[in-house]
Amino acid sequence: MDGKALRILAEGEGSYLKVDPDAFRSCTAQKDRRMRSKLMTAAEAIQRYVADGDYVIWEINYLQRGPAALLREIIRQQKRRLWAGGKFTWVAVAMLVEAGCCDRADMGFFVGGGPVTRAVLEKRLTIYEYSNLVMTARLRAGAMGVTFLPIRSLGGTDGFKYSGAKLIEDPYTGEPTVIVPALNPDVALIHVHQADEYGNARAFGTNISDVEAALASRKVIISAEEIINTEEFRHKPGLTRIPYYVVDAVVHQPFGAYPGEMPGSYASDPAHVIEVFGAVARDRVKAYLDKWVYSVANEEQLLSQLVGMAKMAELRRRASGVGLEAYRS
Amino acid sequence: MDGKALRILAEGEGSYLKVDPDAFRSCTAQKDRRMRSKLMTAAEAIQRYVADGDYVIWEINYLQRGPAALLREIIRQQKRRLWAGGKFTWVAVAMLVEAGCCDRADMGFFVGGGPVTRAVLEKRLTIYEYSNLVMTARLRAGAMGVTFLPIRSLGGTDGFKYSGAKLIEDPYTGEPTVIVPALNPDVALIHVHQADEYGNARAFGTNISDVEAALASRKVIISAEEIINTEEFRHKPGLTRIPYYVVDAVVHQPFGAYPGEMPGSYASDPAHVIEVFGAVARDRVKAYLDKWVYSVANEEQLLSQLVGMAKMAELRRRASGVGLEAYRS
Amino acid sequence: MIGKGPWSEATKATSFAEREFQVCIAARLVENGKCYWVAGGGGPMYSVLLAKRLYAPDVIYVAEDGVVGAEPMLPFDPVMTLAAARPSHRAVMWTNMNGIGDQCGVGYLDYGVLNALQIDAYGNINSTWLGSYPVEGRRVNGPGGADTIAAMCRRLVLMTDHQRRKFVPRVDFISSPGYLDGTPGARKRAGLPADTGPYAVVTNWAVFDFDPQSRHMRLRAVAPFVSVEAVIAEMGFKPLLFGSAGDIEVLDPPTEDELRIFRSEMDTRGQFTDTASHWVVWENERWTMVEKEVISTGVLI
Amino acid sequence: MIGKGPWSEATKATSFAEREFQVCIAARLVENGKCYWVAGGGGPMYSVLLAKRLYAPDVIYVAEDGVVGAEPMLPFDPVMTLAAARPSHRAVMWTNMNGIGDQCGVGYLDYGVLNALQIDAYGNINSTWLGSYPVEGRRVNGPGGADTIAAMCRRLVLMTDHQRRKFVPRVDFISSPGYLDGTPGARKRAGLPADTGPYAVVTNWAVFDFDPQSRHMRLRAVAPFVSVEAVIAEMGFKPLLFGSAGDIEVLDPPTEDELRIFRSEMDTRGQFTDTASHWVVWENERWTMVEKEVISTGVLI
């Protein structure tokens, strides 16, 4: 360290959303702080708040508490040129890519397989390389309103080269330190157990980074298993994970995580889980989408025509026995 | 920005604990991951885990959920040359200074008044200048295992000059950005509603930065209103705020926040609150300490001889009506 | 700056403490549908609560101990307006200090309202040291949360007693940033977010804003019971005057409704207004200021 | 490296899948009283669970979705070993990904256990791209949590199938860091925490560690049913050999207890071990490997 300057030792060459916390603040300034109903259908929410070219982050994956219904609606509406924040996700990036919705992705974890490999080789998809935690660190920076965070991983990997990270001399120790740029996605998709009509939201159990994603994103779409009264939030304020004023749309979407699990509410559907994984692994995603996404006009039809009451009842039954009370506080 | 280096535009001249996350990792490596009972008295905990010269952080203040009993025990044991992390605290720094326990303090908020002013002018006390949030940001960095965090405050103040902050060219925007050094205190004192004998801990209601303090500190002393069974933690894992393996000592200390409030358990004692504030404001802390700290051998005597059963019953009664159920989840 | 509102039509009070007047004026400045961060108790919190009750039903506020959108149990003791159960009551969310800091960092907290011990012409605040730091003078309490609020909320409203010693040309120590030296871009060069800074100063006698070019404090309005000259005479520097002669607004006195609610639901024992406050009375067709015995409990946090 | 233990005295099994053997060996390596981070399901989680059941009662583990110290509901489906209710059951704490990352950053997570798709002589792992990135070859799943674990846990245990294509001189892409180029200080120069790095590699045939000086992979032990030569022949580079002739340990086969618990409480339907695994049988006083039909469901996460 040269005393009054810090050397930049290495820089990744990956593209990343422009880091501009003041621009993000101009965006949050426009959001309404009043309690007004934001209830709408998934179709309306995606129509209004997801634009072609948007960077989309979602919480968490297609296996548990993922915004599966919202993701399917994005595919139904044929959004284009999305940039997927693929941290700790699973099959959804492959689905978006194969549906033609997505041409860039930040990698934490998602199933590669045929659709993704083909898209990369055909230059229809560019992937930037991070890890799950590096992505949640970037969201954390975005949620703090700062431009970057130091981290103690990613260094030394080849992923570093294809990321937006830098290796700098640490301002306090002089040692090499990795920093990563803040991420402020255009849209966050978050599925929760309970929300009120204004957007106050509760989710129970483990989680990835839904609070960070909600605070860091320009537009926030919440889907909820259950719409509850605001009085319940005021009764136990410690349970609120997301405050209403960061939220743009609230979608009442029972079984919104299907085929994944909603802990304490319903189990995952293993047959479907194996079907969708197999579709990605065997490069048959188009057929999967025909069957499970395009064949119905909306999520209500998916549940009534493709899943059915009996299956839903069975999934709810199978959710019991995991200590349900743990998912009510 | 010169392309491959970042200029350091300004640096505070305040001292700060050496930033050395690898040394801190060596310390956490020594902690026991086994579930073994750490129950002990406040006197034992302070004797074993607070050394002269230690940097001490506490959560939160002397008005609500503060580790008041542990602080009094530090004074009784006449610890010396402590460095106080005075973020969002209130009268405790003045008490420690007047008791001769403390010669350095990081300022967020604490009542200045006679004892502190005299100590500064007589050069018995050096104060470094931050704010509440800057201090919790430093703890957050310490809890993340990184060396610093960027922040968007402190810049432009005179406090900056007497802090460990730096103003650097932002690696991503080129704009001036303030960074502050990570803080890894020697000791954290944390008072909670419930703990088990191993150190798993729950606290309800609002809070300042107890999770950050617990993860960032070399030694962690928990005092708890109530010792509960580990089974209760396993029953509702979402309520756990601090995991047992970061904790070194667990003290069962009912009324451990007295004279402050423990939300949902007991109200604060306004007469005592006014007495201690008045003692600081009118520079009569020595008399206050004689009466409330030195006159008794321990906290049990304080409660039985100085506070009394009737007062305790009254304070418990007065806690009701604030929506008790909100403080049980 | 404040202008006409529901208060202009309401029945005027004829007897009130100066600090009650100050709270009412600050309440009229509150913008509906915005999110406020109030640090500490006293005037800032009372102003927002009074506004919410009368003029700005959709305003919400946060506190630095993690309270979001509370409906507090009123009245609460002025010694217990922060980090206590009654003011956190019926919040929509409880989080922690970094949680509130994050929300402020990304811009969800529109306004901050602060008490200021010492303030200068560019809105810089001193709450650290009175005198020559740190060798002569008196230590005070530090910025607490005020530095964050002053740095990162979009608009900052300052409340202070109208006393010469509070308004100084240059604060002894900048604890929380105003417009710093007033030069263009000063806050940006210090690393602070864009489009932030002091917006108004509300005293028991007057309301100020800051000139958009020079960033210098500017008189906008005075109480009906003092003159412009008296206001300026009781300051350690000369503020700019808004507009031309006659453009300085004369503020409406408190309304009966404002005082009734403030006295019955907030400062029920007069602990807040009795401190360092004169009494103002309408007698013989004019306002008179009366000394009142001060029973100081102080604002403890 | 593993040496004698309770397993040495217990009744040996005479018929098992290679992957069952691998899990048992990894379980014997688990250090009691430490905290593990297991990424994804399969072998890593099974090893820690089996160890906890038999040899290391005080071991705990975390998962990247925020589970701390769970007592999972066994058995769970291999497709549902992470981010699901049954594996998170009876945890002492649920937090989130950054919460787990913070605990790892400050050093509370002692060991990491990872499945590796492709590994090189310095313990670097590839789970990003097989072939020439990104113009030829095959995209795989990315590091997920493995990069964090490999960077920040004190000791890293890698599990992989013993196949030539898995052990390459240089991985096609470093997704998660081992000792990088093996030079002294390479990890530090990359910004990684001190005193971290690969500790052991456990395959269905052998156990390796890394030479303290050269950081090169080193053979420590082989399965009783393969020779040292066979182990080396099935690798894309030549590992160092520990000590002198005869110092390579011959591992004890699985015990009946290990298999009983693994089969009855963990891999109850054989989904894990049936994938890419031979069967090993004790016949005519010697071990024989038998091909077994593979019913692949894959490890889905």
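We just call them A, B, C and D in the order they show up, numbering each chain from 1.
Convention: a contact is a pair of C-beta atoms (placed from the backbone, for glycine too) under 8 Å apart; a residue touches a chain by one contact, two chains touch by 3 or more.
Because the structure is predicted, anything quoted here is derived from the model rather than measured.
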Considering B-C alongside B-D, which chain pair is linked by more C-beta pairs in contact? B-C
Whole-Å separation of chain centres (CA-atom averages), chain A against chain C: 41
Length of the line joining the C-alpha centres of chain B and chain C, rounded to whole Å: 29
Interchain centroid distance [CA atoms averaged], chain A/chain B, Å: 36
Counting only residues that touch at least two other chains, what does the list for chain D look like? 67, 88, 90, 94, 101, 105, 152, 193
Considering chain B alone, which of its residues make contact with at least two other chains? 21, 145-146, 152, 177, 205, 235, 237-238, 323
Based on which chains are in contact, what kind of graph results: line, ring, star, complete or other? other
Where do chains touch, given as pairs? A-B, A-C, A-D, B-C, B-D
Under the stated contact criterion, what part of chain B meets chain C in this complex? 60-61, 63-65, 86, 88, 90, 107-113, 116-117, 120-121, 127, 129, 131-134, 136-137, 140, 152-159, 167, 175-178, 205-212, 261, 263-264, 267-268, 270, 273-274, 277, 281, 319, 321-323, 327
Chain B residues touching chain A - in the complex, by the definition given at the top: 2-8, 19-21, 145-152, 166, 168, 170-173, 177, 179, 181-182, 204-205, 235-239, 323, 325-326, 329
Looking at the complex, which residues from chain A come into contact with chain C? 21-22, 24-29, 31-35, 142-146, 200, 215-216, 230, 233-235, 237-238, 240, 243-246
Which of the residues in chain D come into contact with chain A in the complex? 63-67, 73, 77, 79-80, 83-86, 88-90, 94-98, 100-101, 105, 128, 133-148, 150-152, 173-177, 180, 186-193, 297-298, 300-301
Once bound in the complex, which stretches of chain C touch chain A? 33-35, 58-60, 67-69, 71, 88, 90-94, 101-108, 110, 152, 154, 193-195
